[in-house]
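Two complexes follow with chain A in common, the first pairing it with chain B and the second with chain C.
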Partner chain A sequence: MNVLFVAPSGARAKALATETRRAVDAGHRVLLVAEGESKLDGHELDGRVQTHWIGSSRLSYTEPRATRLFRRRLPLAVLRRVGRGPLRARARRAAKDWRERVVAPLDAEQKTRTQRMRRDRRDAVVREQVQGWAPDWVVLHEPLAVEAVAGFLPALIAERPALRTTYAFEELWDETDG
Partner chain B sequence: MAERRPRLLYLAFFFPPSRASGVFRARATANYFVEQGWDVTVLRGPDRFFDEITGARDDAMTDTVDPRVEVAAPEMDYFRWETDVREYGRFRGNFPGAARAWFNWKQEHVFPDKYQGWGTAALREGLRRHRKDPFDLIVATGNPFASFGSAWALSKLMRRPFVVDYRDSWTLDQFKNADMFPPEHPAWKWERRILRSAAASLHVNDAMRAWHAGKYPEAADRMQVVLNGWDPDVVSDEQSSPDEDRPLSFSFVGTLTHVQPIGSLLEAYRLMTERGDHAGAQLDFYGHIGFFAKTEADLKADLGLDKELPGVTVRGPVPKPAIATAYAASDVLVFMTGGSKYVTTGKVFEYMATGKPIVSVHEKGCAAEELLRGYPLWFEPASLDPEDVAAAMADAGDAARKSDPDTAARARAYAQSFTRYAALAPFEQWSRDLVAKRKG
Partner chain C sequence: MTQAQERHVAVLTPWYPDAQIPFAGAFVESMAAAVAPGLDRLDVFHTDEWIVNASAERRERIWDVQSGLLPRSVPPVKTVAGARLHRVPVILPKSKWRDFAERAEHHAHWLSAALGGQPLEAPVIHAHVPIYSAWAALQNCRPDAQVFATEHASFLVKILRQPRARAMYDEILHRLAGFFVVGDVLHDVVAGTFPHHADKIRYIANPIDFSSRRERPPAALRRWLSVASFKAGKRHDHLLRAFAACRADDPSLTLTLAGDGVLRPEIEALCDELGVRDAVTFLGIVQPSEVPGIMAAHDLLVHPSAFETFGVVAVEALAAGIPVLITRCGGPELVLDGIEDAAGVMIDVVDDPQALADGYRLLCERYPMKTDLERAREHLRSKYGYEAIGTQYHRIWFGENGAER
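Here is the complex of A and B:
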């Protein structure tokens, strides 16, 4: 059986290492989709576990140069230049106002856009792996994983009713029952 | 005033419409007790389990249950079987770790069986029905063994005797001849507790009885053997002789699982046909692959039956009423099991009832050998080596070709003593005596 672990942040690294090992020990093919190896530091994965790193933390939004120059650097530089002698206090207040009104929203937007880029990357990679690797069992190992698959998994389950989805790799049933 | 019929509460999770292999023993027990004048109430597993979880439902089976048997299906929780996170309840959906810890706690401290939720519901349902019209005897069949726990609890609450029927073993791994659980597992404590209180425990062969008697000597004198048997409504006693020109058909009828030595059989069949023994002979598999429909494709691949093999045909499941047709189309029956001295399998009785040559494909020492030894058309290979199996198959084929009516009649006569009802009769009489004695 192909078992795909989705753990974008690798938040439960110890459980992830244990469960993936149990899955390969049970004879399954296992693929782990997670942010990166560094997130699992201290919890070594079994060598038989295939990995696909999302690597979204390397992404960050880059502001247009004009914005950076005319809305961040230049106004503050001018205020620094003129803020000498009797204008010092006023220039400092003006610089503070500018940071609050202009720079802070720019920072917030930059953060939002970075998060969106990382989320889009995460969702795209997870979608690509879930749809491309043809898993029989998808383990949504953390809340972020649920978020990552919410957009397409219901349709996929409707298409492939035998696809298993769980929050952990665990014994489900016993073939000998009956 | 007419005498009140004795009332039996029968806990049998796998009961029609389930098509699990254990269903036949449960069905025969319910039908036989009703025929002998009991009021029988069966508590079985819920429909959703058979429809969605195992996908192993056969409605034709339901028609073979005596209409006088009252059947109820208490609900259960599906913790171990739920494979769609969207179906999780609010608690499990939001706190999966806590939900799992709670489930594990109950396994550890309440009853060690994943069907525990059904057992609890069966307990409630049994009590409710007992309050309306009291039962005289409780019989539980396992697996699942949650039914044993429920029978034990019902017996304490209702002050009625109970019997546990070991269709399978609980703490013994029948195929590995080893303990199923580590010594500290709560299943041991529960099994001892249940056997100490049970009026009787039933086992499918003497080796199983002896193993349990050794483990629980305090209950040994209450252990009985109730063999499996064959169902007359399933196997026709008409005898057909193979047409000289028609190639022989070697058939396996039953459920294929991981534990059977199918590799040895396929190789032996190849060797036999390559040598020219019974040229053109067919090897047919009738029945389901695995007990659960969801795992069928994987198991088929594991068994090597997903690719085309010359002369080998997987004919798939046969509805129960049509099984006689499958037997009629077969010339030699292949008795293949993962066998050990504890495994008889119900199929061997059906095979014998056909009066056809039977070739064994299993490890030496299987419990079924005891029964087959008296069957005049049994062909036993020296070992599971494909060469030996091929030789035994060829001999069985010769016997089928020879088609000696006297031998076939002797074979069928021998099988007559192994019907389900013949196996159940002493136990039913014992149950009747027990109830009568209790009533004074």
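Here is the complex of A and C:
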């Protein structure tokens, strides 16, 4: 079987290392889609496990130069300059006010856009791998995995009802066990 | 319930060993192994909390998809003794404080989703901890099912401080067919909060594996062992100071510390300060399945804890065939009642490591002639072995003759 582990953040890294090894030991082809090796917290993967790193943490939103210049740097530079003279207290208050009213929302916007870019990248990579690798079994290893497949997995399951989905890779119970 | 009916039991638990935390809920796994023989079918439902840190909009999307995926994504997997294990992720929004009643509702909701809206098939359900599992069981059981629960939670007092959770707990106790605790402390908390349910509270112990042991009793008590997390109540400082004092008399003594925790740097520093670093081995966290082997590879369990609700390590040590040097700290004196001298030496909880060192010297004088490990082991096996506890559960679930098949 082709077993695909979706673990964008590697939140359960120890289990991921154990379960992917368990899957290759059971004779399956295993592909892990995760953010990056560094997120696995030192838990070494079996060499037979194929990996596809999302690498979304390298992405960050870059502000337009005009915004950076005219809304962040220039006003604060002017206020710093003014603050060297007799208007020091007023300039400091104005700079504080500017940071709160203008710079802080810009920071928040930058953070939101960065998160969105990373999420879009994650979802695109997961979609590409799930649809392109033709897995027989998808392991949704953490809550973010559920979010990453939300946009396409229900439709894929409708197309391929035999596609197995679980939240961990464990040996299935069968009648001979009972 | 008659013998002719199917003996199908479901166990619900928020903790069960998995690849991420192999020791979490090991006592539930032991319980499953103890009760499975003699049942036609045992299903274990592990409702495992997954915290989701996402905006309301994204959460809604995850919730929708999860509702569709759950019924097809929790096939039974293998666990102990032929039982079927179902892992049910309980996705929860991240919150600053733990609202226990709300969490219990989430456990009930996602269990229902996993069951496809159908009730649990089993006519007998045993839940480990009322909040969350008994609530989830009561919301998802057949109308004619009997639901039992055991309280183990060390954070019970925090649960009962929340008015909504307390009211939910009260309702659970009303609806349960039987309610059990694993020690006096939990009994007193529940009886004190709900005096009108005091008569309903009964005791049950966690089963202990007696299947393996040392081939021969220890010849001398030189290899000390401690199995305890590194936290203040376990009093590793007393242990190390007593060990250092005894080692001054006998340099061949060694000490193995199984466990880990926030106090590890302090414990390591104390080893250096006492000059016993070379004689102390740190094993770190050990898997429950490794404990019998570790016990059997040592000569003596030393456990100077200030408080224990039960004292499972004392039973595990004697099951493995080694004596104990342990404090009378709540649970151990009840567990070892009637076999104190046979099992080793018990000392009072006093703020002086010398008491532990004196206890060791006394044990060395008494061992082996004035102890009787075989008698102690047999006594404990008849109370806490898998067979004894399994029989007790069967009687609870199926009536006085329930253990017979």
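Here, the second predicted complex is superposed on the first by the 170 of 178 C-alpha atoms of A that agree within 3 Å, B and C clash if a C-alpha of one lies under 4 Å from a C-alpha of the other, contacts with A are read in each partner's own complex, and residues count from 1 in each chain.
We take it that a residue touches a chain if its C-beta (ideal position, glycine included) is under 8 Å from a C-beta of that chain, and two chains touch if they have at least 3 such contacts.
In this text the structure is predicted, and so the values were computed from the model without any measurement.
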{"item": "Chain B versus chain C as contact partner of A:V146, first or second or both or neither", "value": "both"}
{"item": "Contacts of A:M1 with chain B and chain C, given as first, second, both or neither", "value": "first"}
{"item": "Touching partner for A:P154 - first (chain B), second (chain C), both, neither", "value": "both"}
{"item": "Touched partner set for A:P105, first chain B, second chain C, both or neither", "value": "neither"}
{"item": "Which partner, chain B or chain C, touches more chain A residues", "value": "C"}
{"item": "Partner chain(s) touched by A:T166 [first = chain B, second = chain C, both, neither]", "value": "both"}
{"item": "Chain B versus chain C as contact partner of A:K14, first or second or both or neither", "value": "second"}
{"item": "Chain A positions touched by chain B in one structure and by chain C in the second", "value": "140, 146, 154, 157, 164-168, 170-173, 177-178"}
{"item": "Complex contacts: residues of chain A adjacent to chain C", "value": "12, 14-15, 18-19, 22, 140, 142-143, 146-147, 149-150, 153-154, 157, 164-168, 170-173, 177-178"}
{"item": "Chain A-touching residues of chain C, taken from the complex the two chains share", "value": "18-20, 41, 50-52, 54, 58, 61-62, 64-66, 68-69, 72-78, 82, 84-85, 87, 89, 91"}
{"item": "Residues of chain B defined as touching chain A within the complex", "value": "14, 18, 20-23, 53-54, 56, 80-86, 96, 100, 114, 143-144, 168, 257-258, 290-292, 294-295, 298-299"}
{"item": "Chain A - residues contacting chain B, complex", "value": "1, 137, 140, 146, 154, 157, 162, 164-168, 170-178"}
